[in-house]
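Each in structure tokens, the structures are laid out below.
Both complexes shown next keep subunit A, but they swap its partner, so subunit B is in the first and subunit C is in the second.
Our next item is the complex of A and B:
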């Protein structure tokens, strides 16, 4: 190997090391700090296991949990409720928002309803959904759809209204009628805003699922956690909370990846 | 100096003018023949925050079928508004614009091609798709639209950028895509809003030449807004000179073929005449 090539290789190894440092080590610093505070709190106050188990105990509990069938069933139920409700809520929300952005009449007719309903947080509906749907999946799906719907409607309507007017003029000049203009120009032009709203909505929807399961469910992560809490299995409670956080982050990352893949896909 | 009285006079003047040789074919078409554009006593204003800004004040002129009219005037005088009205993208506050003898209505048409000052390319589409979408909208097959788009992108010198996205283009390149998109539609009425403004001087001259050649093929009626007087003389059959805002037609100057030769005395005279109408004297020492 020539000296130049060797040097190049050395540089690339250094660059790789640098990238690893930035992308892996730095984020780990935060995690380590949180774990250290946690461990220290347990040690200093000599907290019993049922109040706050130390990180290592929770880690082993989590590892045991992951090996059980029931755990995956709960994860599956929660995810199913979320995905179904999210799909319904975003589809209907984008459709309503698009109609509101395109038609002044539609906007005038719907704004009062949307504005008054969107401040009734999804959690306020939990008692009613239990009354109507019991502990079935349908109640949770409806709740997620509801939570997601308003975020998507309002953001989509606003994004459509803010599309660069030059693009509208161009579309009209090219001969597009209103429906085609809405679907071929306004919707794609608003897509970046709609995609970031979809990410925010995912977080809200996921929170709604778990919250609803805490209160009344026959399966799901929320139920798993409340059951564990009532039998004082604090380790399982915390492990479940960590799983909820990880799944939420995963869902958010997945939606970001889908949104990023879109523009060049065509 | 040629100073026409305002209002309807320019139209009458125009009609009464001895027919310039270069525009014979265009002029014989007459005003109400197929492809003629007339602007009749059009006034327009904008309302913003309760304040009214008058942009056009009783503007009248006509462009015969296949004729190229260049609109020059001070910046911000309402030239773009004039194009918007001719395109049916907005409705005039007073007066009317007609095409083929019929009042221009708001909404999409299929005789129109327009290049905007801001190119307004769709950022989620490739350059080729941007040019092709107008063609598919107007009923061409995907295959044909693609072929025609490629052809016009070659014309504006962008064949290497067909698969690029608008964000990867310079301002001048984006503007050329906008021009290609308008020309590819083979419109009967072509409206251009300072299409070569963001293009460097050399490319500009080249594009002007190619543009001229393209016009000979399809002979659309053209309304061309520019603030470059030499460009107006090079491309226009007539030059419509506008005044400050609220803009009125100051005068309409016909351009003869021999006046386009930049090495000729006739060109120098035409340039001086047009600039004088815009309030610029050719004698730099005079100030």
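Our next item is the complex of A and C:
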């Protein structure tokens, strides 16, 4: 190997090391500092476990929790409610948004209704869903579908309206009928915007499930942490919050992966 | 020519109205159709429609809304708004200060921004039980939750605003002999505050939703407490009236803030003009 090549290699290794330091080491330092402050607060003020357990206790609580059947049942129930509601809300929302984007008449007729319902945030529906459906899954599924529906409708309609008009002209020139044009040209072209709206909607829908479970549920992560809070098991509450955050991030990553895997999404 | 132009100008509002009329009519038709479907559904479900048999008609809800507005609405709204305003201001101020530190210092940003990013997916709603353990059912827990919700939104905008000051402007400013403090005061601060302003409007709805959930769970006062109260007495028309009052107050708040933002934006032009 020539000296120049060797030097180049050394530089690139150094650059790699630098990047690793910035991307991995410094955030790690941040996490360690936060955990140290947490631990120090507990130690200095002698906080009892019910106010704030130290990080290590939370970690062991989380490990114990993951080993129980009840925990996985709660996760399963919450995820089931979320996935079912999300599928319904996204499908209906994209369909409505597509129709609103394609037909000006339809958009003009539907806009006042959509806009006024949009301001009644999903959380305000929780008591009504409990009166209608009790503590069953159906209420939460409806709530998630409602929360997701409006995000998807509004952003799909906007995305369809902003599709490059050249594509429409090409499609028309090739003799495509309006329905085929909408499904085969406009929808794929609007896919990137719809995919990012789908991620935002997932975050809202997931937290709507948790909030609904606080107020009336027979199982689920939201119920688990409110129960833990009322029996002052703060370690379980924090462990549950971590799980809720992890699932939220996981769902978002999964939707991104699905959107990337579709060739039309690019 | 000029006569023609004047005539065209005079008839332009009328023309514009004529062009918009079909759209407005369609919108009214859509709203009426929705109300008609609602009335028919409530009528059809009256005689026992399974789970959904407790669906009151629009008139019953409207009557209930009128009664609520005459009664306790003002008190509940003030109580909710107070929680919301305190939490919102605290959240915006904290996010601006911390955002300035994390955005301007490369080291602090590299160390702590990932931590902030890790906390963000845990929505403020997930903090409700913990904040009740910490602060009880009073004002403190709700203010904490709203503040957190607003903070988590605004911090992104604040970091963005102060780390994205164009390098050209910064170089020019230092070349023209501006001191660090001057650069901060006239360059970085305005750029940050504009983004913070946008972020705090985005955070409006997040904070308002958090107020609702906090009041539903820790029901002692406010619109959410009223909502849970009428839910527990199975009063469906009152529940729907409370939901509508929530929607209306959110709508009014959003409209006011959008207008306010439009008023404040000229200030940004002044600030950038007197900066260099």
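By definition in this document, the second predicted complex is superposed on the first by the 232 of 266 C-alpha atoms of A that agree within 3 Å, B and C clash if a C-alpha of one lies under 4 Å from a C-alpha of the other, contacts with A are read in each partner's own complex, and residues count from 1 in each chain.
As a working rule, contacts are C-beta pairs under 8 Å (C-beta built on N, C-alpha and C of every residue); 3 or more make two chains touch, one makes a residue touch a chain.
Just so we're clear, the structure is a prediction, and the values are computed from it rather than from any experiment.
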Fit-or-clash call for subunit B and subunit C when the two complexes are aligned on subunit A: fit
Subunit B versus subunit C as contact partner of A:244, first or second or both or neither: second
Contacts of A:126 with subunit B and subunit C, given as first, second, both or neither: second
First, second, both or neither for A:229, with subunit B first and subunit C second: second
Three-chain overlay, vertex subunit A: subunit B-subunit C angle, C-alpha, nearest 10 degrees: 90
Partner chain in contact with A:112 - subunit B first, subunit C second, else both or neither: second
Touching partner for A:163 - first (subunit B), second (subunit C), both, neither: neither
Touching partner for A:177 - first (subunit B), second (subunit C), both, neither: first
Contacts of A:98 with subunit B and subunit C, given as first, second, both or neither: neither
If touched residues of subunit A are counted for subunit B and for subunit C, the larger one: C
Closest Cα approach, subunit C to subunit B, once both complexes are overlaid on chain A (Å): 9
On subunit A, the residue positions that both subunit B and subunit C contact, one per complex: none
Residues of subunit A touching subunit B in the complex: 164, 166-167, 169-170, 172-177, 180, 184-185, 188-189, 191, 263-264, 266
Touch list for subunit B against partner subunit A, complex: 84, 87-89, 107-110, 112-114, 116, 118, 120, 122-125, 129, 133-134, 137-138, 165, 181-182, 185
Partner subunit C, residues of subunit A touching it in the complex: 22, 26-27, 29-31, 33-34, 50-51, 104-105, 108-113, 116-117, 119-128, 130-134, 138, 203, 207, 210-211, 214-215, 225-226, 228-229, 232, 234, 237-238, 240-242, 244-246, 248-249, 252
Subunit C - residues contacting subunit A, complex: 22-23, 26-31, 33-34, 51-52, 54, 107, 110-115, 118-119, 121-123, 125-130, 132-134, 205, 208-209, 212-213, 216-217, 227-228, 230-231, 234, 236, 239-240, 242-244, 246-248, 250-251, 254
